[in-house]
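Presented sequentially are two complexes of chain A, the first with chain B as partner and the second with chain C.
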Partner chain A sequence: MFKRSVVLFFVLLMVAGPIIVQAKEAPEAVLKRCVDDVIVILNAPMDVADDQADARVAERNRRLFVKADQLFDFRSLAMGALGRNWRRFSNDQKTEFANSFSHLIAQSYFARMEGQDFESVSIEYLKTEFLAPTRSGIERADVPTELIHNGVKTPVAYRMLEREDSWKVYDVIIEGVSMVSNYREQYRNSFNDSPEKLIAELKEKLK
Partner chain B sequence: MKKTTIELYVGLFVIIGLLCSAYLVVQLGGLKLTNKDRYTVLAYFSSVSGLKPGASVEMAGVAVGEVARISLDKERQLAKLELSIDNDYIFSEDVIASVKTSGIIGDKYINLSPGGAEFDLEPGATIFNTESSLDIESLVSKYIFSDKE
Partner chain C sequence: MRCVVLILLLFALVCPVAAQEEVADDLFDDYIETGEEHLVPDPLYWFNYGMYTFNDKLYFWVMKPVSRGYGRVVPGLIRTGIDNMFNNLLFPVRFVNSVFQGKIRGAGSELGIFAVNSTMGFLGFARPAQDVFAMEMSKEDLGQTLGSYSVKEGFYLVLPFLGPSTLRDLVGTVGDSFLSPINYVTPESASFGLRAFDAVNSFSLMRVGDYETLKQAAVDPYVAIKDGYIQLRRKRIQE
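Our next item is the complex of A and B:
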């Protein structure tokens, strides 16, 4: 009886295994879907002379943030940015920090997007590089892309990891410079500050 | 009888002298007889231009190891580095390894930036966060020749 159930289990595994694997979306596909959506939102016509322009920008930014939240793993991003400091944070503090940090990043990007034109953006996706899972069991992949805007070709690589059956971005490398590494170097200097102070500083910047 | 004693002393001094110079050669030449107190981790880079084997691996400016071997991964066509790290140091797995230059035109070295993940980097593991050396020339030429108004 036991033997039979073991055999049955393996047969099930062999049959079901490939189906499960196929059902999962490839990192490149996830990335492409989200980035395309973002570009559509950005290219939606907006009448700046309208008196409700501010409200419209706010609404657009809210929609962009929802998209970004689907694509980015903000907790990993915050962990990467804080580096060693992350270990000093309690679980609640980690969540609070990750939450505020995601809004800070979004805010700084929204500020840059003002008045830019995204009509001519084209993105070329290059071959995804899968990395062997580490001890934590998390699989990672690098998706190198080339972004062409106003005739300038910029290499942008997305580092993705598998989280809850979907691929999420945890770092963006633009022209060989990593975003997480950049924030980590900044946070390294505040090793003396308490987690409460770091969160308070972050919230101050958001105002 | 007396001559034998003198010769014995001379021989002894020669041997001591030889031992001293052997010690100096090993110490100053950086020759490693044993590799026991170190472990190796791997890191892949798209470019390690200018980096030489034996370059130091630093964290916060403190040397924690050295670059043991630089080779080209034939299949992925990436630079594969074997970093030999002192056993005293243990890093989390999301440590960032980047190729840096000491000063403006100084030697290249590997800088490790500590991460916060709860899992540690095991001997033989691969560092997945890497930053290659910045190619200033290609950056400059890109923005000079880009047709921006």
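Our next item is the complex of A and C:
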């Protein structure tokens, strides 16, 4: 009797599991939640005069990266950035590249956020536009937003794809400039460079 | 029985891992920007690269320190006001190009903004048209007008002091300069001085670090700036 109820429980879990997963957050809700979390981390006061300031900045950047990792699909971002180079990479090289690439983006933008006043930033979320799924059936959505800082409005759109667990960002489009397209163009002429060389180049930038 | 439970458990454990599998690479099939026919050629690469280096040094060695010093002396409120005044003076450029593009409503609101800000806004120092009446200023220029007439970029150009451009946008810049009142100031040296002052003033209002971040995040900063400029202009022409 006991065993049967255990089995029944697992069967139920298996059946109900996907249904629970189905009822997941809308793309703009995922985005807003993560961005709000990031702003909370950024707004936390930091005593720069502290002799442990460096350690604190490092700790904060680590927390920011964890958040960014939840929101972004860095592997897809790296795939888009490399364009047709992607297929030349072995599985391990893809992973290595995606890792370094995510850190390069994070490092650059975290440094940019240093010492900025985020109290005065407001973000308006406009209506999500669902795009046609790709041929392989990936659901996609564009979440347009307006970032307002010191009276200057900047349109920032987040392009998201549906993963099993959640919606994830795979491109950011600022004032019509797509980040993925921009990297794609930078890597367009790298077809004669070995994957090892491209990875080494990224790592060099990270130093 | 136990076996069944075990299999189910295993299955439940494997499931989330399988979910993280690679997405198909047709995800980027609509990123046509990289197609050859959409590229803007760069036949003057060596000249452009030289100008890019020149502007880069100009930024770090001259513009950044000068505008920083200026920013320390002159309060932000006044700098914003001065920037608004210079912007207000460019009304003819925005108005004429809105008309050329058939954007009658846009031209009308440009006229309204100019009238309101020049009077109530103390010669354009304040922006009551935008801040109180929520009117929106366009960013039209001749390069965009030509683009809207299906004139292609031609080729990429980096101009000393002015930065990234294209053959089409250079024609636009020259054309627009006839509509800019500051260019009619005499003597010539006064006109030049005003333009330099405008540059330093608006530079001091820029978010310091944007250019540095762009360079830091780029794998190839020259290409990153070129592509960013082309994408931005195409987007503006579309609108």
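Structural remarks
Note that the second predicted complex is superposed on the first by the 185 of 207 C-alpha atoms of A that agree within 3 Å, B and C clash if a C-alpha of one lies under 4 Å from a C-alpha of the other, contacts with A are read in each partner's own complex, and residues count from 1 in each chain.
Methods note: contacts are C-beta pairs under 8 Å (C-beta built on N, C-alpha and C of every residue); 3 or more make two chains touch, one makes a residue touch a chain.
Only a predicted model underlies this, so the values are computations on that prediction, with no experimental measurement involved.
For the composite obtained by superposing both complexes on chain A, the positions of chain B and chain C are in clash.
Once the two complexes are overlaid on the shared chain, A:E28 sits clear of chain B and of chain C alike.
Looking at the shared chain after the overlay, A:R188 reaches both chain B and chain C.
Judged by the touch definition given at the top, the superposed model places A:E164 against chain C, while chain B stays out of reach. In the superposed model, A:W86 lies in contact with both chain B and chain C.
Once the two complexes are overlaid on the shared chain, A:V177 sits against chain B and chain C alike. Of the two partner chains placed by superposition, A:E96 touches none, neither chain B nor chain C.
In the superposition on chain A, A:T134 contacts both chain B and chain C. More residues of chain A are touched by C (comparison of chain B with chain C). In summary, superposing the two complexes on chain A brings one listed stretch of chain C into steric overlap with chain B, and the stretch in question is 152-160; the others among 152-160, 188-196 or 206-214 show no clashing C-alpha atoms.
Judged by the document's definition of touching, chain A residues 79-80, 83, 86-87, 134-136, 140, 151, 175-178, 180-181, 184-185, 188 lie at the interface with chain B and also at the interface with chain C.
Remark: chain A residues 3-4, 6-7, 10-11, 13-14, 17, 73, 75-76, 79-80, 83, 86-87, 104-105, 107-109, 111-112, 134-136, 138, 140, 151, 161, 163-165, 170, 175-178, 180-189, 201-202, 205 touch chain C in the complex. Taken in their complex, chain C has these residues touching chain A: 1-2, 4-5, 8-9, 11-12, 15-16, 19-20, 22-29, 31, 33-34, 131, 209-210, 212-213, 216-220, 223-224, 226-228, 231-232, 234-236, 238. Residues 79-80, 82-87, 129, 131-132, 134-136, 140, 150-153, 159, 171, 173, 175-178, 180-181, 184-185, 188 of chain A are the ones touching chain B in the complex.
Touching chain A in their complex are the following residues of chain B: 46, 60, 76, 92-94, 96, 98, 113-120, 122, 125-126, 128-129, 131-132, 134-135, 139, 142-143, 146-148.
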